[in-house]
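The next block holds one structure in the form of structure tokens; read it before the comments.
Chain IDs A, B, C, D and E follow the sequence of writing; residue 1 opens each chain.
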Amino acid sequence: MQLPQFPGVNIEILLFQDVSNANDIRSKIAELPYAFIDARTICSVEQLMSAIYRVMIESKYNRLRTKSLHSEVLLALSPTSNIGEAFKKFGISDDTKNLIMIEINQDNDNSSLDKTVVNGEIVDFNDDNLQKNSDVNAIRKIYKIDQSVEFENISELSRATVNAIQLRGI
Amino acid sequence: MVNLNTVEPRNGRDYYIALGLEGSANKLGVGVIKHPRLASMSGGDNSHNCEVEILSNIRDTYVTPPGEGFLPRDTARHHRNWVIRIIKQALEKAQIMDPRLDIDVICFTRGPGMGAPLHSVAIAARTCSLMWEVPLVGVNHCVGHIEMGREITKAKNPVVLYVSGGNTQVIAYSENRYRIFGETLDVAIGNCLDRFARTLKIPNAPSPGYNIEQLAKNCKNKDKLIELPYTVKGMDLSMSGILAYIDSLAKDLFRGNKKNKLIFDRETGEPKITVEDLCYSLQENLFAMLVEITERAMAHVNASQVLIVGGVGSNTRLQEMMGQMCKDRANGRVHATDERFCIDNGVMIAQAGLLQYRMGDYVKDLSETVVTQKFRTDEVYVSWRE
Amino acid sequence: MSLSHTLTLNVPFENSNQANIAMKVLQPDPILKPQDFEVTYTTEGNDLVASFASIDDRVLRVGVSNVIDSIKTIIETMDEL
Amino acid sequence: MKSPSALYNSPDITEKSFSVKESESRYRTTNGKTTGPSTYVLNAGQVDIDKPSDPKIDHVTQQPTALSKLRMELTGIQDDINEFLTERMEVAKNKKLKTQNSLEEKRIENEINELLDGGDGDNDDEEEKKEAHAK
Amino acid sequence: MSQEIVDAVSQYLTPNVPIKLISQGAEAVVFTTPVHPYCPSNEITKDSKPVQYIIKYRSPKKYRHPVIDKQLTKHRTLSESRLLGKLYLIEGLHVPKLIATDAYNGYIWQEFLGEDLPNDCGFSNLKNYLWMNAKDPYNDVVKDTLFKVGEQIGLLHINDYCHGDLTSSNIVLVRDTNGTNWIPYLIDFGLGSQSNMVEDKGVDLYVLERAIISTHSSFSDKYNDWLIEGFSSVYKKQGKGGVQKLNEVLKRFADVRMRGRKRSMIG
């Protein structure tokens, strides 16, 4: 996949269900050229893509705050600028069952995405599958959305997360 | 349909002559103008193209001692004591032999302005009217500026920025009125500059604003700007906060208040800024605000021309900035007049008054000639435009 | 308080026309404090007659002097123009 | 042509009349004593360059025209009236100081200033007047 | 419109994002595009009509000093984005959806709202809508619309936000699902701020009132009444405390209006 404003950059996104080796992935996460996100924290395609778009804008103007585009995705998802906190909230943990694997490839090479890293079932990366696995309460908590705010549907929640992602640190 | 020949010139002439009297503030102005009676004016809005001929334009300014403002009563005294002499000069210069026969209409400023000065000129206007049996027209001062500006620059339907000692307005024409789209919510731009000039103790001659402009030109540090509040509120603006702030900076500078690290270097204690820097920053900031609200009005009414009128309009930096803004808009053009017309004068009153007169709209009863301090631009029914 | 302080001013012009003009010029202006000050203008032959009535001498002084200032302007206009 | 005249009346005095005394110089100038610049500007160093115009001289008789004569006589009468009323104001003021509170005093003072400045009776323009002064 | 600006925008967006200029406001140039910056799936609605997005670009203003220009552009891009984010969370308040912000360059992507009015009456902002209704200026739908506009402003103010540039062009009308009534959206928050100051609220109301007077003069009295009715209704729902707050705002509104009128003092 490509973003219209960044035609030279390939983005691969895989959604895994019933992952059995989260523990194993975590142990070598530093060496893997991917981003792994706990799918519980993502309620829509829009939410994740909004973060990736922000990563690309920050990257274009040399404003990355982490070591790689991949780690920057986790920061970009976060409503706060605390990198450690972002990793903790959006990164996978040992008991993660559903996760999103992302590769951002700037060199326009063929994808080197190694699906075998994750033991789990690949399902389509779309809103329906994301919503099945997302934890609305956890998302509300992460994005500090006041309990008094009521959402009629997931797309409203998604919109609130997009706002937070776009507005972080500004 | 606008017919600017609704009233024919008097005594079978093929041209109109108007006498204009202005005295709303510290300037007393008398002017005589001539409009040829053009057949083309019978049908259509050509009020910006009357082929005006200025037969005379005499002005006398009431001058106060340095650092002092002008009181209404002393200004009125100045006008009262000079008005007849100035009218006489203006008539002579215009070679008006017999005003009874040669003048079509006497136009005077009915407001807005200071009550007593306005009144003293109105008395002379009424007397002339009755004595010569020539009709009267009471003119809105601001409309006078607008009509003179339109005639001089031939701008048919511009957004008007009216900037003077007492007024800061963005005006556009719509449905027979000059509507105020934006204005100052507190002090006027000219007043703001004048007051800052007094803080700086710079001379009042030829005008405080002119001297600030010259100081600003001499600023040696134009890359750096002293940060000032920027207070645009939609199409309105506010300047009192800016004035209070820059005043305090100037006072700290003069007083040598070393605690103010904006002004004095932390280490050496030397001043980092000069009076020129202050003037430059103030102008850049205030004028950017003026240009912005003008552009907002242009966007709102879909206009491409700007006309700057009023005393502050003669500032070349303001004109330059406005020109740049217009250039970046579609077919934008800025029009400004020079100091002869920017600064209050009698000719502008004659121009607006004669337009009104030619539409048949003149004083029928002297009770209509009572002057008024408050007279908003949009109160005037503009019969001479479509 | 009543308008018990009064002053009548007589200004003799050269002819009744002049007196009439002066009256017409002065008449339109409203009285600023009608409860404290009144003025009426009439003509008697060639004379303009201004009758003032005021609550006290202060208000009377200001009002009368202002009107005389205006009359002087009127006279000068007739004289010079 | 006759000369201008005036007649004053108030509850505490019988008629006071004002008339032109031809011999006195105050009836032969256009520049009145009581109609000069305000003390405010004079104190600030103002030089009066805005005096009234001189009388018009009839080139046949080499005398001031009748209207100029009227204007000068009226100037003198104006001075007479102003001086007389000012004097009475002083007297009244001294009396008042003992009897009346300063509030009423202030109201009249303000109103007089307003009248002098040609206000149109609208009280909320005080602020603007200050601004005008500031200029 | 200067081609220079369009070229700069096209270059920034790359040829993958086709743009159409829709307006050159005073501080921003506004384009539409059918391309979503990051969600291709959002480019078609359920009824498979292509969606439009707004790209708002605050171009550098050459007339003003670069220091002022940079600061204003950044400040306004940020505060507009920030407000869109915060206001979205207020129940009942309608603002366009924020899609993306590039504060370094003065770009904001937003949801496109509104439509073209029938009979060439232009885009469905309040200004054009009122002009469209000039022949039947006091019809029930107009009244309903203006009341709802008032409500939107009431909601904004009661939550202590101010718009800063409330003109009839900055209120966009969107047809409701029945297609008969109109739902007003507030747009253009570049001069907006979080503020609990009555002064700011009074100025907001004054600016809108004057915008109505200057563009729809013949009907402005009633129009402004309806706006204020809607505005007040929001406060009145909050009981005594709300009414007290309302009175404070309305009183200041009257003061600001008087100040404005008084301004025409000296020529």
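As a working rule, a contact is a pair of C-beta atoms (placed from the backbone, for glycine too) under 8 Å apart; a residue touches a chain by one contact, two chains touch by 3 or more.
Since this is a predicted model, take the numbers as computed values, not measurements.
The set of chains in contact with chain D as well as chain E comprises B.
Ranked by distance of CA centroids from chain B, the top chain is A. When C-beta pairs in contact are tallied for each pair of chains, B-E comes out on top. Computed centre separation for the pair chain A/chain E is 33 angstrom, with centres defined by C-alpha atoms.
Per-chain CA centroids place chain C at a distance of 58 Å from chain E.
Centre-to-centre separation of chain A and chain D, using mean CA positions: 86 Å. Multi-chain contact residues of chain D (touching two or more other chains): 35, 52-53, 116, 119-120, 125, 128, 131-132, 135. Shared interface positions of chain B, defined as residues touching 2 or more other chains, are 80, 84-85, 114, 119, 165-166, 373-374.
Those residues of chain E whose C-beta lies close enough to touch chain B in the complex are 1-2, 5, 23-27, 61-65, 67-68, 71-72, 127, 164-167, 169, 191, 203, 206-207, 210-211, 213-215, 217-218, 256, 259-267.
Chain D meets chain C in the complex at residues 1-11, 30, 34-35, 52-53, 56, 65-68, 70-71, 74-75, 77-78, 81-82, 85-86, 88-89, 92, 108, 111-112, 114-116, 119-121.
Listed in rising order, the residues of chain A touching chain E in the complex are 1, 3-5, 7, 45-46, 49-50, 52-54, 57, 61, 63, 126, 145-146, 149-150, 159-160, 162-164, 166-167, 170. Residue ranges of chain C in contact with chain B, taken from their complex: 21-22, 24-25, 27-30, 69-70, 72-74, 76-78, 80-81. Taken together, the chain C residues at the contact with chain D in this complex read 4-14, 30, 32-33, 36, 46-47, 56-66, 68-69, 71-72, 75-76, 78-80.
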